[in-house]
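Next up, some structures in structure tokens.
Each of the next two complexes has chain A plus one other chain: chain B in the first, chain C in the second.
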Partner chain A sequence: MSRAADPSRAGPWLWLGPALLVLGAIYLWPLLDAVRLAFTDATLLRAPTRVSLDAFAAVLSDPALPGILRVTGIFTAASVILLQALGLGIALLVHRGDRRGLPGMAALRALVLAAWVVPGIANGVIWQIVFSEAPFGGLNAVLAVVGLGPVAWLSDPALAMLSAIIANIWQGTAFSMILYYAALKGLDPALQEAAKVDGASALDRFALVTLPQLKGTILAGSVLVTIQTLGTFDSILALTGGGPGQATEVLSLYTYNTVFRGFDLSRGAVLALLLAALSLAAAALYALILRERR
Partner chain B sequence: MTGRWGDIATYAALALVALFFLGPLAWLVSLALRTPAEVYQGAAAFIPAHPTGANFVQILSDAAFGQYLWNGVKLSVGGASVATLCAAPAAWAFARLDFAGRAGLLWAILAVQMISPLVILIPLYRYFDALGLLDSHAAVIAVYGAIGIPLTVWLLSAAFARIPRELEEAARLDGHSRLETLVLITLPLAAPALAAAFVLNVVMNWGQFLVPFVLLGSEKSWPISVAIYRFAGSTSASTTQLLAAACLIALLPAIAVFLALQKLLTRALTGGALKG
Partner chain C sequence: MTIRHSLRLTALSAALTAGLTAPSWAQEDMVTRSRVGPADAPNSMSFRLTAFDLYAQDPKTRATFEALYLDMLKQFPGWKIDTQLQTNDIGQEQARMLEQARAGRGPDCAMIDSSSLGAYRAAGVLQPMNASFSKAEIDDLFPFVRKAVTDDQGNLLAYWWFTDLRVLYRDTRVVPEAPQTWAQAQAAGLASAKAGYEGLLFSGGRWEGTALDWLGNFWASGGDLVDAEGAPVFGLGENRAAFITALSYYADLVTSGASPARVASITNYDDFLAAAAAGSTAMFVGGSWQYEQLRGTLAPEDFAAWEVSELPGPSADAGATGAGGWTIGAMSDDPEKVKLCAAIAKLYAGPGNVAQGLLPTATAYYKASDVFSTPTNLAYSKFLEHGRPRPGVAIYPEIANQIEIAIGAVLSGGDPAEATDRAQQAAQSAYERL
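On to the complex of A and B.
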């Protein structure tokens, strides 16, 4: 056995090298550069000429910003709460079905998962067709059968937000479902049995036995889903394009528009950092929760 | 709520869930099978009177569409290869080697995943522009690889850690070097996890939109996701059945791969996510 052929002798850096090199070149360096650009006056067409805080001032005094943040907040909060509740609900139902040996549970899981792998851009296009107010709009076509509608799913500002949230839930629920399904599988059934013997009702057993055991998973899942939702871009772009007006223009879309439509690189960099800061704050919360659980 | 009534309630609730998740896809299939005239008939033509495959034929016989599909495959598989090849050795080091800053570095790599690709795309666009790499598939593959590395390191280090050390120690006692042990014992045992990570990367890359949308300017280099968005923007009511067919063709490969390997993938995902 030669020492040269002994990988552990080479130290960890040989092993970590490729991953760190790629992440450094394509994530870390551009991230630092984005920070640098935020302090300049660069545009997409012109290199920076001087260092300034103008971009920060421009973003903070931007009259559109409060609206964008409000839209981002509503979209993210509603998505996370509804998607987590639906994911937990489906996991509980499927778990119950499994225990009772009911057929069809695997098929249902597969169906929910199928929506998850639909590309985000296709998700937006599909729901745009479903919500459309034209004759081929699926939802209005169904409503018309029972004599209702047509509903302006995408052209009414408040409804457009609801539509964007529904489309996001359709795609994102699977992640929560798998998380809770796996967590439920890992619970000790003896506790359930003990509570049953003590005469606890199904609701009591859920609230007093199951839910407390899932607390950690729920917290961690909420943070992960929050980060995913903050980054949502393609489905909204294809569904509403951020409209009507700016009714569904979330921070990620606004950042994109600032850079690649408005060509304002420095202001876009500030917005991108704001987006990254929100995600990292959520990530820090996640790390804290995991530490708490240990 | 036990026994048969509970079962009925379970099925009733799950039927609503199924309706929500199946509904949009069913409507898409319905539109894709219609003739242009039937598109205007709404729900009445949910099951078309004269279902037609003409829309699929028209889309698939379009040479440009074939190019988009091939670009999508090339970029997805290329990016997944980069991510897996870079992440596997790193994951092994995290699972098996003791070194200063190990936990901190693993967290740092995970934190990378929290940063939206949008943030890095702004500077990357400038670099690739300066290097003449806008419109280059190699550049997009490298970015896909970087995006996939954190999750892949996470999944694979959990998988390597699950392999019993005793098996490796036994091989060492038999006189095999560390490298031989790695090749003969560890890698074969980790093969299902490696395959799962690779496939998961391919599926995620297939859905990537933002990176190619920003970095690929010319139509002939677009993957299917970008092409669908452009097509959706240019369609009118009279071509909705074609858009529906194109959409189905774009998402079917991802769904098919995912469902075929569902067990493998969910095990890899939850095994990594729910440790402890």
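On to the complex of A and C.
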């Protein structure tokens, strides 16, 4: 084979080119278009007429934005913490079950994964039925049997946020569980055995042996789940629509409303960039963690 | 042959075709999930529609419209209709379609929600349909409809084929007399709550229905949403006072116990039907079309006890109600496609409304069919004297968004004046950027 015909001499671009083209078309082009729109006065009703920073000024001076960011922060933080905790808990359960050869572990994994494949809108609709406050509503009807409730799951602003978080956790736990399950599978069992021989209790083995080994997974999972949660709006749209008032209107839903109800494409683009910036910050953190691990 | 005879015959023949003959393979081939007409027709027009008629879940409705479409297409040999279904997320669907139309990628013809018509007009994407409608037909439209669908030159930019209005439903066994004022409505709600019911139900969640159902209260208080230029003014001057008054009415219903707190989470009309069917409510603010749904939901003896009346106002002589409905507009500059689009609009406005019992927007149709002369429909046509459409301006969807936020805020204990000022400021800011 001649040197010119040897593909390995062409450098990485030959191999990376197709992937970069596809990724560029799918991810980079929309992002660049959002950047372009953010510096215009474009609306859904007319094409841009000029280049300006007005959309940035409008977003920064929007009196509703601090409230939206606060709601987004609460929703994201609570979701990430609970998703991680539940995902780890279920992964430990399944992993332990696997090691002991208990029957039904595959079914348990499938059950958790079933929620993951439900589309966001359907997830919102399902939980809207569960949280219905009608006298014949799902969860309240069950609570009434034991003499509790009724609970204002969706009409009370604080509880509506809790309901949105529960719906998000129900759907997203599977992703965290998969991450932790894979990580647990990769751990060296010899360390556990050694700790056991040294007389460490189950709690000590978890806190001092298992958790330190999962540090990288916990951090990486947190970042991935954060990005995923920041982009969640479809389930909230179906569950509460962002209400009552703006009690559950997260940044992604606010962006959606700005574009599709206010027809404000440029301000929507700025909000989308803000969302992308928050996600990129999380991704940068992810990259830093990986570098540290290496 | 008069319009009356023509309408009756068309609807009858469609019903007969649909009901008496099993769908043949030939007909199934002529109507698919994405096409009406012969697959090999040389000409085609794209039409984006909702899923409540040609593609309805109800087989009878579906079959009736299939027959109506095929009958209509006989006037257009060599044509087929490429159908595109809209999702139920009306706001997003209408905004996306507008964006596509602006980019020249929209459908040739489409169903446009009356609340979005202003945006389509502002974007200049609608083609006049005057060639298919006489001046007499246009003049026969209800004034509020005619104003919304014609421009200053008298061009018919879309055909508003049915309307609806918001009414008060009540179980006369619990609430014998129709409340005419807000005070009476609150008293009736409290009385029904004491009798073990939920009280007066209404939409208070984040969706368009909340805004439209509440607007009658605002208009009855003397408020206007926009000025002559289309700028939002609902939170300024006398309008502000009306806005606060109407918001306070809703807030008082909840704080007094006349309505349950859960109204803040109601985001669809089906909740009212479910509550009526479960016997948990005796009063709700719903859409005019729900009367027939109620008939299908309740046992005959229970349905007989339910009546509709006009929305109560701040005083007995001050009433208003929001009028909605759908339009059909052409977005193609091909005259033949515009003509076909207009024929579809006439199909819906005439035999289509007869088949579905929807309220037409022109007086001639009321005279043309007995369907529209039932006591309930006659009552609706009387209520429509107080009917007001949503303003046909592009900023309306954002105004509605702010109204929903304001209602949610006051139902959660917020201050009506603060909610009004925030809504006005947000709507004004959005208006300046449009």
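Note that the second predicted complex is superposed on the first by the 265 of 294 C-alpha atoms of A that agree within 3 Å, B and C clash if a C-alpha of one lies under 4 Å from a C-alpha of the other, contacts with A are read in each partner's own complex, and residues count from 1 in each chain.
The criterion applied here is as follows: a contact is a pair of C-beta atoms (placed from the backbone, for glycine too) under 8 Å apart; a residue touches a chain by one contact, two chains touch by 3 or more.
Nothing here was measured: the structure is a model prediction, and the numbers come from that model.
In the superposition on chain A, A:Gln246 makes contact with chain C only, while chain B stays out of contact range.
Judged by the touch definition given at the top, the superposed model places A:Pro12 against chain B, while chain C stays out of reach. Legend: residue contacts after superposition of the two complexes on their common chain; A:Arg100 is shown touching chain B, with no touch to chain C. Touch criterion met: A:Asp33 reaches chain B, while chain C stays clear of it. By the touch criterion defined above, A:Thr43 lies against chain C but remains apart from chain B after alignment on the C-alpha atoms of chain A.
When the two structures are aligned on the shared chain, A:Phe263 is found in touch with chain C, with no touch to chain B. In the superposed pair of complexes, A:Ala64 makes contact with chain C only, with no contact to chain B.
Once the two complexes are overlaid on the shared chain, A:Ala78 sits clear of chain B and of chain C alike. Once the two complexes are overlaid on the shared chain, A:Ala164 sits clear of chain B and of chain C alike.
Contact comparison for chain A: of chain B and chain C, B touches the greater number of residues. The interface of chain A with chain B overlaps its interface with chain C at residues 44, 134-136, 256, 259-260.
Of all residues in chain A, those touching chain C in their complex are 41, 43-47, 54-55, 58, 62-64, 133-136, 152-157, 160, 240-247, 249, 256-257, 259-264, 266-267.
Across the complex, chain A is touched by residues 1-2, 6-7, 10-11, 13-14, 17-18, 20-25, 27-28, 31, 39-44, 82, 85-87, 89-90, 92-93, 96-97, 99, 102, 105, 107, 109-112, 114-127, 142-143, 145-146, 149-150, 153, 175, 177-179, 182, 203, 206-210, 214, 225-226, 228-229, 232, 237, 240, 243-244, 247, 250-251, 254-255, 258-259, 262, 266, 269-270, 273-274, 276 of chain B.
Residues of chain C touching chain A in their complex: 91-92, 95-96, 98-99, 102, 119, 122-123, 198, 204-207, 260-265, 267, 271, 274-275, 278, 280, 394, 397-398, 400-401, 404-406, 408-409, 411-412, 414, 422, 425-426, 429-430, 433-434.
Residues 1-2, 5-8, 11-12, 14-23, 25-31, 33-34, 37, 44, 86, 89-90, 93-94, 96-97, 100, 102, 104, 108, 110-122, 125-130, 134-136, 138, 140-142, 144-145, 170, 178-179, 182-183, 186, 202, 217, 227, 230-231, 233-234, 237-238, 252, 255-256, 259-260, 265, 268-269, 272-273, 275-276, 279-280, 282-283, 287, 293-294 of chain A are the ones touching chain B in the complex.
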